[in-house]
Every structure is written in structure tokens, then in C-alpha cells.
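Input: structures, listed below.
Shared between the two complexes below is chain A, which has chain B as its partner in the first and chain C in the second.
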Partner chain A sequence: MRPATCALLILALLTGSGAQADPVVVVPARLGVEKLSHEEVTNIFMGRFRALPSGAPALPIDQPPGSPLRTLFYQRLVNKDQASINAYWSRLHFSGKATPPLQASSETQVIQQLLTRPGAIAYLERSQVDARLRIVFEFPP
Partner chain B sequence: MNYRDGLLRLMAITLAAMPLAHAESQAGGNPWPALQIKGFGTVGIARSDDADAEFVRDLSQPDGLGKHWSGKVDSMLGLQANLTLNARTAAVIQGIARYRYDGSWRPELNWAFLRHDLTPDFTVRLGRMGTEFYMQADSRMVGYANLAVRPSADYFGPIVVSFFDGIDASMTTDTGAGLLRGKVFAGWAGEKTPFVKPYTWDLRGSRMFGGHLDYINGPWQFRIGRSQIRFKHQQPLNEAARQAGFPIDILAAAPELSIVGRHGTYDSLGFAYDEGRLQVQGQISHIRYDTSAYEDTTSGYLIAAYRIGQTTPYLGYSRTRSSSARLSTPMPPLIAAGIRDFIDQTHADQATVSLGARWDFMQNMALKAQLDMIRGERDSRFPMRNANRDWDGRMNLFSLALDFIF
Partner chain C sequence: MRHLFIRDGILLRSILVTILAFVLVGIATVAYTMQIAREQAEQQSRVRLEQLLDTVQSTLRVACFVKDRELAREVASGLLSNTEVLRVTIHENGQILADVQRGNASPISGNEPRGSLMRTIHSPFIESDVIGRIHLTPDPAVIEGRIRDDIIDRTLQLAWQLALIAGAMVVTLLAFIIHPISAMSRNLHRMDPTAGDRLPVPPGHGNTEIGRLAGDVNALATRLVQALEEEHALRLRGELDEQKYHAIFNNAESGIFIVERGGRIASWNPALARLLGIAGAEEFAGELQLTALSWEKPEAVGELIAGVFATKMPATLDALLLRPAHAHRWLNLVLSPVGNDILQGVAHDVSALKEAEAAARRQAMTDPLTGLANRASLEQQLQSRIRQHHQHPGSGFTLLHVDLDKFRLITEGVGVPAGDEILRAIAGRLSATVKSNDTLARLSADIFAVMLQNLNDDETIDKVIERLTGSLRQPYLIDGSPIQLTASIGITLFPSDGSDAPSLLRHAELACDKAKASGGNQSAFFDPTLAEAAEQRRHMENDLRQAVREQQFVLYYQPIAELANHRVAGAEALIRWRHPERGLIPPDHFIPIVEQSGLINEIGLWVLETACAQLAAWQAAGSTHYLSINVSGRQIPHGLPPAAIADALARHGVEPGRLAVEITEGILLNNISEAQSWLHAVQQLGIPVYLDDFGTGYSSLSYLKRFPLDTLKIDRAFVQDMQPGNSEHSLVEAIIAMARSLGLKVVAEGVENAAQMKMLGAMGCHYGQGYFLSRPMPADEFAESAKDIDRRLAMPDDGR
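Entry: the complex of A and B
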């Protein structure tokens, strides 16, 4: 096999059914937000600064606990496992500074809340994104 | 006994708030509960290899560890209720049961405030709040949030004020190259603290204010801060002297030991780096008093950790040193020697090397084991309780802790 074919095959294996593809960060299309930087997404989801570029409050929504998408999201966002994320939030929660993102009970509820709550922002699998939503951040490949 | 009564009272407060929250959540058709109750706790045991002085987590504890395993220094239980009133307003109460100044485990209401976000970047809180004299000081009881078994006693030990009643405001701005956050607070202390046994010193009503500035960029956080407290009540110096068989009016003989209306000023610098598996943080502080009752103190610590799977080994170093207090009023040598004895108890000069590991063995729980090697001078007394004359300032400490949140 030629090296190029070999690389393509490995890539297909990695991005295919075996490995999960990176989540994308979305907001409702009508919100008018075009793009967010990695740092802005971190600030919103880690409770450091929850404002959209317009100055309006941002309302982050988490996938259900134990969801592989959630684990992958935080791994890519801040390079942390779920235990470290929980420890991080316990400091902010028990010192009354900030609360974790709202936690949805299912993937469907994430989208439903995205479309109804002002300032909502969430991460999804790319295949879940439709015309009502806009991708504002993608992890670099 | 008191412990149980207090816990029951705490639960009663929480339950009383429930119907209110329930009504709110139904009215709003909100899928997320308006009332959220969460807790944290530590079951910790520790012992030292030295019976000549007792190690305490901080000076709010009246006595500490000897050569037998004991759970009193690190064990605690906290319960917090968050009540969301609307998108921008919330009420938070938190009670903590721990070994306290009077030797009891009676829970205290450590937090009870109303929080309002005027804008996403400007927040005001009113009520009772944890003191944040230093970076992370307001979460120092939450074992699960912290890497080590306990925050450095050399550094956080002198902070006996855990909450205040008043107001704080914080403002954040995105500079485009990192966040800048400023916070100011003002209020009054609401606690007592142990003095020479069995006496306590009343800090209630002592005025406090302060502020800090954070710069946060990616994995970095930098902090500069200053806080000040103005002591309202006198220390029971004369009573303690009488008990020690030294029945003179110390405050008349050495007025510079008076603390009423005097100030403690806490300046600090801190940084934290937290990226992926690596965590490093350090702080340095200087405490200044305009009374001779306490010695000015400089302290600092550095801790580094690297996570491997579920286990995070860490290594820390801390140091505290105070300048010797001066007695300026001339007095007969015998009296001077007696008073000297008293103020020598506030001298600190020690360093600690800490070695430990945190094991996140299951969700919301962590086990920790830690060895602290305390190496001090013979005259270092302040960080400990009940130090004998013979104590050489050296001690090893063994600690185990189970931290959890729920």
C-alpha cells in the first residue's frame, strides 16, 4: 500500500465509527453571533466571563452527565478530564462565585433549550446542526 | 449535643426555603430546579510524631494534633442551598460544621447572601460571605476543590476570619488579551477566635475592607490583593496573665500591646497555572500590624502537581517568618521578661515540605495521603498550639483524607 493511501485509511478509521468527531459550538442563528474564539468559549463554559460579544449574557448548556460528547468537549476545550472539571466547579460553586452550565437531561433537551432560552450556547455533534443553529466555534483539526 | 442540634437547625433552614423555590420553578415553567442543594465534606485523620506542640490547620482551632490519630483538624461538612430568583438574582446559604474556636463542632452559617448581576460583567453580593484575604482563601474548607489535604498552614494559618457581613462587588472586562477582574469588599467580622485557653478573643464587629485584581489568560491567573481589619475588642491579655500567675495589668504596663482600634493589613501576590495535567500555584504575603500584640509576618508557598491517570502526586514548599515584636515602653526587668514571654508566643519562623497524592478513585470523591515535614527554629511558636518550652520546632505530620461533594 502507498503511504498516502495508508494515511487516508488511518484517518478514515480515526474519524469514522471508531473515534468520536469533535463537537462544534453553536448558538441560535437569529442571535446574530458570527464567531467566537477558543478563549471566549472557555470563558463562557468555565464561568469566567459569561457575555457574548454584543455584551448580552451568555447561558451555556451542558450535555447530560456521562455523555461522551461532554467528556470530549472539555478535553478539547481545556484539556481536562471530568474529575478535574468537577473539582474546578466545586471551588466556584461553594464560594458563591459562579454555577456550572445548565445541565440538560438529554441531547434533545439541549437543542430545545438552545432555541428557547435567551443567550443560550451549547456544543453538539456536527450532524445535529441544522438551519436554526449557527456554528460559532470549531476545534482545529 | 450541640453538633446535632446545629445540623438539625441547618437542615430546617434549608427545608424552609424549599416550598418557596418550588413555587418559583412551577411559575416559570423552568426545567431546571430553582432550588439546588449541594454539599461538600472531608473525613480526615492525621497525627504527628511530636508531643511537644500541637499542629492546627489554622489559628481558629484551639488545639490540634498530637501523636495519636485524630479527625478534628481536617474533618468537616458543608451544606449549601442556591435559590435562583430570576436570571440575574440568586440567594445562597451555606453552613459548615467543623472543629471550631470553642472546641465544639457546632455548625455555623458561613455564607448567606443575595447575589445580583447588574450586567454580565458586574456582580454585587450582599449579606454574609467568605473572606478572600488571599487567592482561594474563600474555598479553603472545600477539600474536593483543593489539591492537597489542606491549604498551607504556614500561609493560611494566621487567617482566623472565615466570613464577614457586608457587601462585595466584582467587575470583569475582556481586554482581548485576557480577562481583568477587580473585586472590592467591605463589612464586619462575625466570629470569635481562640486565645490562651480557656479564653477567646471577640472579633465580631471588627471592620474589614479590601480588594484584589486578577488577570486571567488561558491557563494563567495572577492576583494582587490587599485587605485590612480594624480590631474592635481587646484581647483578654490581663485575664490570661492572671491565670498564668502573673497578676499585673499588662495593658497598662505596655500600652503598645493594646489592639482596640488597631489594624492588621494583608498584602498578597499570587499566581496559578493550570493546564491539562500540570498544576502549579504560588502566593506570597505580608501581614503588617500597627500594634505590638502580633509580629509582622511574611509567608509564601509553592505547590506543583502532575496528574497521571486518576492519581495526582504533588510537592509543596511553604515558609513563614515574623519579625520580632518591639516593646517601647520602659518597664522593670521582671515585668518586661513576663510580657516578653507572652509576645514570644506570636513568633513564627518555620518552613514545611509537603509530599502527597490525590486519587480521584470515583466520581465526586477523592482520597489523599500527605506527609508534611515541618522544620522550624526553636523560637517558632505562633503556627502551633500548646508548644512546650522544650519543643525544637521540628515535626512530621501524616494525613489521610477522603474528600467528597454531593
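Entry: the complex of A and C
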């Protein structure tokens, strides 16, 4: 797994150096959700609620581990690094009540899952957003 | 040690007080400690629980954030594992995530227990977001246990500290106070201050309060001993004094007693008992009232007591005590206040004194010889009679002054005892003549007074006088021979002749003098002119006294010539009064008064002195004139003692033979023996004695033999009327012849012309004196005049 990690880090550095814009939170356009607040996004991604304001279940999807976007997202969302996020989840691991977001294996899988799984919600680079997707939350500049 | 714990002793009290104080302090401290311990325990418990919560805080946040009951329960159980925690409740927005409690405790419901802790739980991501809270209830039993342990600890600690302090205090008290005090107390019990014992200062207490107390006790003991000794000495002295006074009280001759305000006699001495004739103070039964005694005037005694109480000044009273079976007794009572309600009294028996006084009074009122009233008594009776007259005017009275004529000659003849007998007889005759209510008095030797009551018409008086003189004229038989006696009587009437006793007596005497002057054996009524004359005499007497004081007298000198050799031999000194208003007054105007008033002695001495001075002056001038001075009978023998004459002569250095004294027959009549010895003494001095006015009086030839005379002076009456062949001529001739035969010199007085001079010379008269030679002249003219006379006499057959 070590060569893969190195490769990801390099990629991240490459992409990062290429385009370091904030991620945006998106849902499938057909879902009918217009906007989410920062709090709502936090609740959903940090396991407090697994539902949209409309009441429909929400399924958060994480970028693959080591993704610079993922790091950036949590940094911007709850101001914690990835280790803290991991520790958080590991503390909840045994009670089984709350589970971490679904983990995609790649960026593409993220979009795939987003489009396929009901109630999916994920964060992307703004450049990855297309018509099938709708931005419901943007980090303020 | 038992004596240290005296009931109510210091130690017991101190211990009790200490214990009480410690108990109070302990209770307060424990109460405070409990409060503090509880607060501390709760505080500590809270801190521990807070710390406990801090350790689980992040887990709690997460559990709450994701509403994880499992996790929350886990956390709560973990907290419960702490023994202090009784219950843990975790809420998430109104929903209980976990609620666990210690199994054996009953579920807590209702109020939050004391000390429970609540903490809010924030979102792990948004600090400001409160997402839940946790309640932590501590186990009170555990805290209580802690508190209990704490209190027990502190109480134990406090208890042993207090016990230690109390022990220390007890020891201190014992060592420093109780022990020394009880030692002092023991010493005090044994101590005998009078024997000089003193309290030793407990060791180590030299400068402490105990030491000072011992010092004070010793000082007090010293003072007490001193006071005791003084008191003892005082008591001894007091006892001695009391014994002394008791002895005085008991043995006094005077009655001594104490009177109370009511007049009760509280105590008295034996002398008073004797004086009052009562029992002694010890035996007397009942009350003795001073005023209740048998006084003649009990009210006077009562007033005396009241007076002394009122004035607080001593007072005295002579009171007569009536004694039924005995002679009455006069007591002199002296009361003096000695306090507010007590008087001290002294009583003397003054009966003898009173008796003597009464006798003296009786004596003073009566004449011892005749038993008649005396002058004082008469005056008193006159006064009371006059007073009576003023109160009840009625008829007046008559006062007679009866003076026996020449009684003195009679007593000289028959002797004093016979004279007294005559006086007694006269008193008897007078008494027989007057009425019983008339008063008889003997005023002096031979003078009697009679007060005739209710009698003032001249006719009746004349009858009474007639009776009186008739009675007195009867002969008195003395040793068998009859003696004839007459009286002169002066009569005054009251109220016309005088308004008071002295003036009545004086006027009666004046009237009597007038009767006597008219020859005696008669009576005279008082005449106001008599009083006037007497007044004039009195006036004159005053003037004379002043004259003596102011030396208004002067001597004039009348020359006396020796007929044989026709020369002035000497002079007679004649006194003149140079009155400041009336001029020169001759001696016959004032000498009688001078003789009566006694001024004669002073004047006589002045004459002697002046004459001697004059003789000395003549002697100094080479003159050999002699000088004769007149001596009155009144001056012999004491008014002009021979020694005084000798002294005057010696002082002025005058030879005795140059001074001569001239006397009259009267001198020889009055007191023969005295006159004789005086004359002898004078002659012994070498002073010639002249007999003046020879031929006018008795001219008894026996005098010439009996008295030591040198010279006779023939009275002027004979010389003036001398004519050749007449009787005066013969008489003068005879006198001269007789004198010559007796070896006496002769001076003829009153020679007024040359013829007389010649006749006298022919008769063999030695000296001549008279206006033919010169009138009396002042001293400064004398020398010139004497020369003139000598010249005149030297011419044979002077034409005059």
C-alpha cells in the first residue's frame, strides 16, 4: 500500500499545485435539494444526522484517503486535520451507532456513487461539477 | 494540698472558669470547624468531580454529538466508578442519553441533592453550540464521612491543646499565687505583730504584687501596733484622769452636779447631798428636780436654768434653801452649759457670807455708839420719803441739823469715854422728845439730825425746837459733876428748802453754821442767801485751787524797825492773792477759806520757800534783815513740819535766826501737846517764835510760860488807840514791862505816827511795825524803802 500512498501524495501535490480552490458540496440535481447550511453539512458528514432537510436519508461520501481535497474539506468544515477526524470516528467505532461517510476508492467513484446511490452527498472540486450535479453548499471565500 | 482546694477558693474558681471558658471556646470552635469542614469537604468534592468531568469531556461531546447512548453509558459508568459519585445523568437536548446510579442507593428523585454538579456539553466542532448537559450527583454519605473524620480530628486536637493550657494555668496559679498566698496566710495566723513579728516576703516575690501585698500588710501591722500603743497610753492616761476627777468630784467641798434640760439633776456629789440634805446619788430613789427643792423662790431657780440654756452662757444665783428643822441656808448656784442638753452646776454654801453681808449692812445703817441711824441711813430715808412725796404729794417734813456747842472742849476736859456717855444720853433725850415716826440720826461726832414728819409750819417747829433745846440744856451728870451743854440747830423744810436729800442736808448744815456763828445755843431757819454765800465760797475755793496751780500768790513785805537804833531790822511777810480779774486780794478775804479747804498746807510751804529765797537774796545783797512768816493753826504739826523748814533753810543757805514764825493764840488752844512739841522742834532749829495779835484773845499769861516764845506782837488795836494817860497806853506799857521781865522781845503793830513811835520807844518797846514806817510792799521795792526808812528814822524828831 505504501507505493500507492506515495503516488496519491504526489498526485495531490500535483493537482494541489495545479488548482487549490475550495471544495463544493454537491448532490444529484434530481434530488431536489437547493441549499444546505454549513451546520447541516457538518451534521451529515460528522454522523449526527443522516438525513436531508427534506427528510430523505443522506449518504455522505468521502474522497479516497489521502486525497488533498478530503483534507482540505475537513479543514474547512470543522477545522480539524485528518488524524483528528480519524480519531473521532474510531472512538465511535465500537458503539456502532454512527458510521463514517462511505469511502470511495477514487475520485471517479465518488461521482459514480453520487449519481447512483440514493441520497448521496459528496464534496468535489468545483471543476468536477457538471449538470447532473447541484452545488448545495459552498465555503465562503 | 487539701488546703489549696478551699471551697470557693481561687484555684477551684479559676479552674471552673477556665473549664467553662474552654467548653465555650470548644463548642464555638467545633461549630465553626463543622461549618468550615463541610464547606471544605464540599469544595474539595466539587473540585475532584470537576476534574473527573474534565477527563471525560471530549468523549462526552462526541457521545452527545452523535447521540450515542452506548458511549454515553460507558462514560457514565466510568464516572460512577469514583466512590464519591452517586449518580450520573447525561442529557442531549432534552433526551436522556444515560442515567446511571450506584446500585445500593435508592433512586434519587425530586430535588437536586446538595453539592450536585451540572455541566453543559458543547459540540466538538462548534464551540458555541450547546448540545447537551451532564448531571453528577455526589454521594452525601461519603462527604459526611469525610466531614465527620475532619471534625473528630480537629476536636481532639483542640481538646488536648486546651487541656495543656488549663494544666499550665493551674500550675502557674498554684506556684505563683495560691502557694505564696496560703503561705502568707499561714504566717499571718502565726504572726504576733505586737511582739515585732512581720510577714516574710515569699521567696522570688520581691517585686511582685504578692511581695508588695506582704509589704503593705507589714506596714499596716506597724501602723496598727502604733495605734494600739497610742490608744493604750491614752486609755491609761484617761483612767488616771478619771480617777483624779472622780476623787475631786467626791471630795470637793462644793456641791457639783449635772442638770438636764427639764431641770432634773442627773448626778451629784456627796458635797451637794450634804448641802441639800438629801441622800447620795447612789442611794437616792426617784427623780431629783432642782426646782422641786425647798427653795424660797423656786421660780428664780427655774429662770436661771432656762436662761443658761437660752444664752449658752454661765450664770449665777444666790438662792435661799428653806430647811424646816434647821437654819435656812444660802446657796450660790453657778450653772455653765457643757453641751446642748446638759448644764454643769456648782453650789457653795454662802450662808456665812450672807450673814456677814447682812450684819455689815445693818452696821452701815446704824451708828454703833448711839444705835441711831447714821448719815447713809438718814440719806436713804430722806430719799425714800421724798420719793413717797412725789408719788403722793402731801405735807412735807422738817430736817433739823443739831450741832453741840464746843463739845470738843468738853471731851478734852472729861475724856472720850465720858464724852461718849454724854452722846448716848443726848440720843436718849432726843428720842424721848420726838414722835416715834420721826427719824433720829447721828451724822458725825457731835452732830445729830432729826427728821420731823408732816411738820412744816414755823410755829409748831418753834415749839418742837423749844422742847429739844430745853431737853438738851438739862445738865449731864458725869462722875457726879453736872455738865452744861447747848446746841445750835439748823432748820430746813421740805419741799421749800431743797428738793433732794443732799441739798436738804447741806442747807440744814448751813443754817446751823449761821446759828453757831451767831454765838450758838440757838436755832436758825435756812435762808437762800446762806446757800448763795456757800456757793460763793465754793467758787472762791475753786479759784484758790487754780491760784495754787498757777502760782497767783505773791509775798508783800512790811518793814519792822528796831526802835533803839532807828533802823529797819526786818519785815513780816504778808501773802497777797493777785487775782486775774479782781486784782490784789488781802489775806483776810481768802485765808479762812484756804484753811478750811486744806489748801493752807500747800500755800504755807510756798510761803516758806519764797521767804527763804528772799532771805537768801537779801543775804547775798549784804542785808541783815530778818523775815517772819505767819503760820496757821491748821499747819501744825503736819502741814509745816519742822524738818521741812530746816530743809528749806539749808537749801537756800539761810541762817536759822533770820527766819521767824508768827503764830496766834488759837494754835495754843487747839491741841496743846502737839503745838508744844512743834514749837520746841522749831525753836530747836534756832528759829524765833512770835506770838501774834497779843492782847485780843485769852492772852493767858500761863501760855507765855508754857510755850517757848521769843517775841510778843502787841495787837494794833491797842497801839492805835494809845493816848498818853489812857487805859490802852497803860495796857501797852504793862505788856511791854511784863514781856521784858519774862525775857521776851516786843513788837508793836499798827504804828501810824511819830508820836506813837516815840511813846513806844519811851516804854522800852523793842520793835515797831505799821503804816508810819511803810505799808507792805513788793520785794523789789523793799531795799529802797528800807533805806528810806532808815534815813527818816535817823533824823531826830521827824516832823510827821
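Heads up, the rule we're going with is that the second predicted complex is superposed on the first by the 122 of 141 C-alpha atoms of A that agree within 3 Å, B and C clash if a C-alpha of one lies under 4 Å from a C-alpha of the other, contacts with A are read in each partner's own complex, and residues count from 1 in each chain.
Heads up, the rule we're going with is that contacts are C-beta pairs under 8 Å (C-beta built on N, C-alpha and C of every residue); 3 or more make two chains touch, one makes a residue touch a chain.
Not measured: the values here are computed from a predicted model.
Asks: Clash or fit: chain B and chain C on chain A?
Replies: These partners clash in the superposed model.
Asks: Should A:93 be classified as contacting the first partner (chain B), the second (chain C), both, or neither?
Replies: First partner only.
Asks: Regarding the shared-chain residue A:113, is it in contact with chain B (first), chain C (second), both, or neither?
Replies: First partner only, chain B.
Asks: By the touch definition at the top of the document, which applies to A:57: first (chain B), second (chain C), both, or neither?
Replies: First partner only, chain B.
Asks: On the A-aligned overlay, A:83 touches which partner chain: chain B = first, chain C = second, or both, or neither?
Replies: Only chain B; A:83 stays clear of chain C.
Asks: Contact-wise, after the overlay, does A:21 reach chain B, chain C, both or neither (first, second, both, neither)?
Replies: neither
Asks: As a test of reading the superposition: which chain, chain B or chain C, is in touch with more residues of chain A?
Replies: After superposing on chain A, more of chain A is contacted by B.
Asks: Quick check on the superposed pair: does A:48 touch chain B, chain C, both, or neither? Answer first, second, both or neither.
Replies: Both chain B and chain C are touched by A:48.
Asks: Quick one: classify A:103 as touching chain B (first), chain C (second), both or neither.
Replies: After superposition on chain A, A:103 lies in contact with chain B alone.
Asks: On the A-aligned overlay, A:39 touches which partner chain: chain B = first, chain C = second, or both, or neither?
Replies: After superposing on A, A:39 lies in contact with both chain B and chain C.
Asks: Between 23-31, 95-103, 275-283 or 617-625, which chain C stretch has C-alpha clashes with chain B?
Replies: 95-103
Asks: Touching chain B and also chain C: which chain A residues?
Replies: Comparing the two interfaces on chain A, one with chain B and one with chain C, the shared residues are 39, 42, 48, 78-80, 88, 91, 94-96.
Asks: List the residues on chain B that touch chain A in their complex, please.
Replies: So the residues of chain B touching chain A come out as 31-32, 36, 38, 40, 78, 80, 82, 87-88, 92, 94, 111, 113, 115, 117, 119-121, 125, 129-130, 132, 136, 138-139, 142, 144-146, 172, 174, 179, 216-218, 275-277, 307, 310, 360, 363-364, 366, 405.
Asks: Along chain C, where are the residues that touch chain A in the complex?
Replies: Contacts found on chain C: 59, 62, 65-71, 74, 124-126.
Asks: Would you pull the chain A residues touching chain C in the complex into a rising list?
Replies: Touching chain C from chain A are residues 39, 42, 46-48, 77-80, 88, 91-92, 94-98.
Asks: Which residues of chain A touch chain B in the complex?
Replies: On the chain A side, the touching residues are 39-40, 42-43, 48-51, 55-58, 78-84, 86-88, 90-91, 93-96, 99, 102-103, 105, 109, 113, 118.
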